[in-house]
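Right after this note come the structures.
The two complexes that follow have chain A in common; it is paired with chain B in the first and with chain C in the second.
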Partner chain A sequence: MRPGFIERTIATFLTAAEYTAGAETMAASKGALQRVDPRVKVAGLLGLIVAAALSRRLETIASLFAVAILLALASGVSPVRLLRWVWWPALLFTGAIALPAVFLTPGNPAFSLGPLTATHQGIRSALFLIARAETAVTYSALLAFTTPWPWAMKALRTLGCPAALVAILGMTFRYIFVILGTAAEMFESRQSRTVGRLEGPERRRMASAAAGALMEKSLQLSSEVHLAMQSRGYRGEVHILHDFRMSASDWLWLAGFVTLTGMAIWGGRG
Partner chain B sequence: MNQPVFELVGVRYAYESHSALNEISLSIAAGTRVALLGPNGSGKSTLLKLLDALYFPNTGSLRFRGEPITAEHFADDNFAMDFRRRVGLVFQNPDVQLFNPTVFDEVAFAPLQLRWPKDEIRRRVHEALDAMEILHLSDRPPHRLSGGEKKRVALASVLILDPEVLLLDEPTAALDPSSQSQIIDLLIGWGEGNKTVITATHDLGLVEDIADYCFILQRGQIAAEGDPAILLRDQALLERANLIHAHRHKHASGKTHSHPHTHPHSHE
Partner chain C sequence: MHIPDGYLGPSTCLALYGGAAPFWYVALRKMKRALHTRAFPLLSLFSAFSFIVMMFNLPLPGGTTGHATGVGIASIALGPWASLLAISIALAIQALFFGDGGITALGANCFNMAVVGSLISYGVYRAIAGRSSLQSRQRIIAAGAAGYIAINISALAAAIEFGIQPALYHDAAGTPLYAPYPLHIAVPAMMIGHLTIAGLAELVISAGVVAYLQRADPILLRATAPNAITTATEAPGWKSLKPLWVTLAILMILTPFGILAAGSAWGEWAPEDFTHAAARSQIAAASGNHAPPVTAPAGLQRLSSFWTAPMPRYAPSFLRSPSFGYLLSAVAGTGVIILVFTLAGWMSGRHPG
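Our next item is the complex of A and B:
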């Protein structure tokens, strides 16, 4: 029987679990960004994302995107992997939002597709949206691919993120795949007991019942995980073995990030 | 008799409207190996969580080494940290206990929370992994290990603190026979008889190996307690507590009949 929308979605997320394992391996390797203090990396890459979002010039955003590619190459993150994991999904997502703007934004006509007319202003708006999104997700992906998850969490704490938020982020990352595995098993088990194709209302009823059961299981799991953490001394604060120490090269990186962000904000003015 | 490590008097605990433990009174002497026997839903896991101060009694009193265990006492960091160092719980499902990115980080988690010096943590993690024969898994993500390996990591993550009391919830559940016997051997050898080990199980085949004393729980109450060698011979008691059951089966002679059976392995 052909899998339904929910089964396909869960299978896609489970494939993402494999990607995550690859990302963890990359984060543990010895590239340029991997050597940078996580606090510098979080603050620096966030600054560049803000600069890309504020920029009103496509050239500036394109330059920031080029810098992101250079950083990826220096950190052993392959552009092919970025294309498959980051650029292509982001293009699909933002493209779906940007495409109507090409035709709906009032302005000078650029070309026509049947009854639809694209405008120069519409194309420019769409390009801005896509360029900003691609640049932002590339920097976010670089942070994820070059920083072990607990280090990123600790860096967020030292930069002032609330402990509860950081703890929730950490747990979400660890257990989302456990929950997805449970969901996949639930749907497989249902499939093994289903003959023929169910009617729409029946399928929707079963999907909502499964969602309820999954919600219950995930609440149970999160409660048990929290107890297991408490049992080993967790009191709401994240402690990790690695101590962050700013080296001379970290200060250089910080200076580089600040300079680049400043230049991008200045150069991106309209 | 040794000083009690845990003393419970008239303890009740309920999950919202569902009562899990009813009027439990018991005393566990330091250095004894205790089994909490009972079928699913008899309250074993809840009792272990109370002993680990993850839940607190609704009514009744719970004392550890004479100190009352209450939410108010646990608001004090020093008290809570001291208790966590002295009492360790290994959960039934290792997946809930393994939430760190690598095996090394997992085993280092508890001493880090207890603010041990980092050099000592590195040394002790190395020793704990070596003792569990999982040093080669040090850099692996725990959620990608086999069931037996996960259990060893979960045990290492608690034993690194060298607690005086070890609480175990179904330690051999869902393990293959070889992993089961490795875990049992390890538990028998741990602490050289000086530690208190409290194991919740419904695996009758395990009890005489790991316990000198046992409590049989039934519907949230203690149905019986005493020497495992004596209690395990009481067929009527075991049947009443749903620890054994009768079912029809065929012998080699071709004769089919039914009589009570124990299950010397867990049912997960």
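Our next item is the complex of A and C:
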């Protein structure tokens, strides 16, 4: 039997929770990237994403993708997990957009498929789109899978991100899982009291009421958090502690990232 | 509508980061000024809420499901500036941690969904809702329209960004290097999905949440409805009391029929009725054939002259027609009652509590 919208929403929540739990477990393990100073890692991986976005050569993007796989293997991030959580969803989304481009892009004919004619330009264009999307999403996943979120936020602060933004990002991330838990409980309790199949308008009313109730709870929680912050001395100023120390290996990693990014940008020129 | 990395070229990404940045700056300043220490927890919790709402599988007419961005709800509950920050934060976490939407395209996603979406949504909601009361159906329609129009304008912005990529970035052989479709393909392809499924999802959640809040917690709608008519002001309006006024007018016109009733009401006798033969027999008939006293009781005699009414027996002395006298008395009496209660209402409004 096809699951209803309650079951599907709960499944979405569980997938997000599973993804986060998996990411936190990997971030706490002893892989190559996990040992790198978060500032170096954040700057280095973001640099490689930008290099992939700038590249006008497929070979360069493919090389960057190969480096991403090597980094994943060295950091204990299994390709199976990457395939399930990163590569397959990205391929489904981007593939659906890229495939028609093979036939719709004007250019030199490559092959025909019934009434449709694929062009060389169309094939290259689709490959560019898929390769860039997969490479960039792999690097951003490596950042999430090898860096605890609070460290990534601190690293962003030392790299020049405004303290206010870093503080809000940190708090939001923490409370996403509180609200996620509340939302999952709301849907589970409703599911346990639902007999038979709900009609369309009833389903919509239920989803809207759940969203409205969740909003009320979120706003109420924000008031409680505010009072708790004030009771601990918060007066509107945000201070973020910096306790990172660069080791010799961190300097080596930084040199490696800078060299690789530089080479990718230089090699990716059209 | 979350644009991944690789779809937009570098200069487009930079331009859209630049386009969103002033809005972030102004919004953060406004929030800190308006909310001071409350700004961070409020924005954080609402961003977390927006993130979760984006995960809802919304049942849509036709049996399908869709996801909403929640921009309609956010701008209705918090106003445009807080909404654009909350949605931007939710999008940033989706991109940085969950890989949903690109990091290089984060500026574009924030510009389209958070900035354009919040401003359009707020504008449409305020324009349609007008001064209607917090509980009015007009606000539900306004919320639905705000969500639907906002998400479609956001989608149009994204489609235009996609559509200009082939002209901006291509190699010598004409291969598009980023999003491959020109405007005439990108715009309809993007809009068909948003005019139907995604737009409907936004409409359903925005209208549904406002309808829910009207029942459960209408005060949450107050922030973006400063001019809303309160229920107390609206209730005594002409429209809501129209049936009562009409009934009252009919009753006043019918008052002269009271003259047709024979005799006088039991216990409402005048002192002279006790000495008048015809009146005495009526009093006796109405009292179980008990004969009334020969003269009016002393107390009744004394107190009956204590107050002389301006319109005794509903017959003003200056009018000859008893029917018109009845009618005039009804109008005058009703007018005095309305005047007394209007004054009382005005006095209680001036001195609450």
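Here is the rule we use: the second predicted complex is superposed on the first by the 226 of 270 C-alpha atoms of A that agree within 3 Å, B and C clash if a C-alpha of one lies under 4 Å from a C-alpha of the other, contacts with A are read in each partner's own complex, and residues count from 1 in each chain.
In this section, contacts are C-beta pairs under 8 Å (C-beta built on N, C-alpha and C of every residue); 3 or more make two chains touch, one makes a residue touch a chain.
Being a predicted model, the structure only gives us computed values, none of them experimental.
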item	value
Chain A residues touched - chain C or chain B, whichever exceeds	C
Touched partner set for A:H239, first chain B, second chain C, both or neither	first
Touched partner set for A:W149, first chain B, second chain C, both or neither	both
Contacts of A:M263 with chain B and chain C, given as first, second, both or neither	neither
Partner chain in contact with A:T105 - chain B first, chain C second, else both or neither	second
Which of chain B and chain C A:M186 touches, first, second, both or neither	neither
Contacts of A:M229 with chain B and chain C, given as first, second, both or neither	both
Which of chain B and chain C A:Y175 touches, first, second, both or neither	both
Intersection of chain A interface sets (partners chain B, chain C)	149, 171, 175, 178, 221, 225, 229-230, 234-235
Sites on chain C touched by chain A in the complex	4-7, 10, 13, 28, 32, 36-49, 51-53, 55-61, 63, 65, 70, 73, 77, 85, 89-90, 92-93, 95-99, 102-104, 171, 173-181, 185, 204-205, 207-209, 211-213, 216-217, 220
Chain B - residues contacting chain A, complex	49, 52, 54, 77, 80-81, 84-85, 88-89, 91, 93, 95-97, 99-101, 105, 108-110, 112-115, 118, 121-122, 139, 141, 143-144, 157-158
Residues on chain A engaged by chain C in the complex (per definition of touch)	5, 8-9, 12-13, 16, 19-20, 23, 46, 49-50, 52-54, 56, 86, 90, 93-94, 98, 101, 104-108, 120-122, 124-126, 128-129, 131-133, 135-137, 140-141, 143-144, 149, 152, 164-165, 167-169, 171-173, 175-176, 178-180, 183, 200, 203-205, 207-216, 218-219, 221-223, 225-226, 229-230, 234-236, 238, 270
Parts of chain A lying in touch with chain B, wherever the complex brings them together	21, 24, 28, 148-150, 170-171, 174-175, 177-178, 221, 224-225, 227-235, 239-241, 243
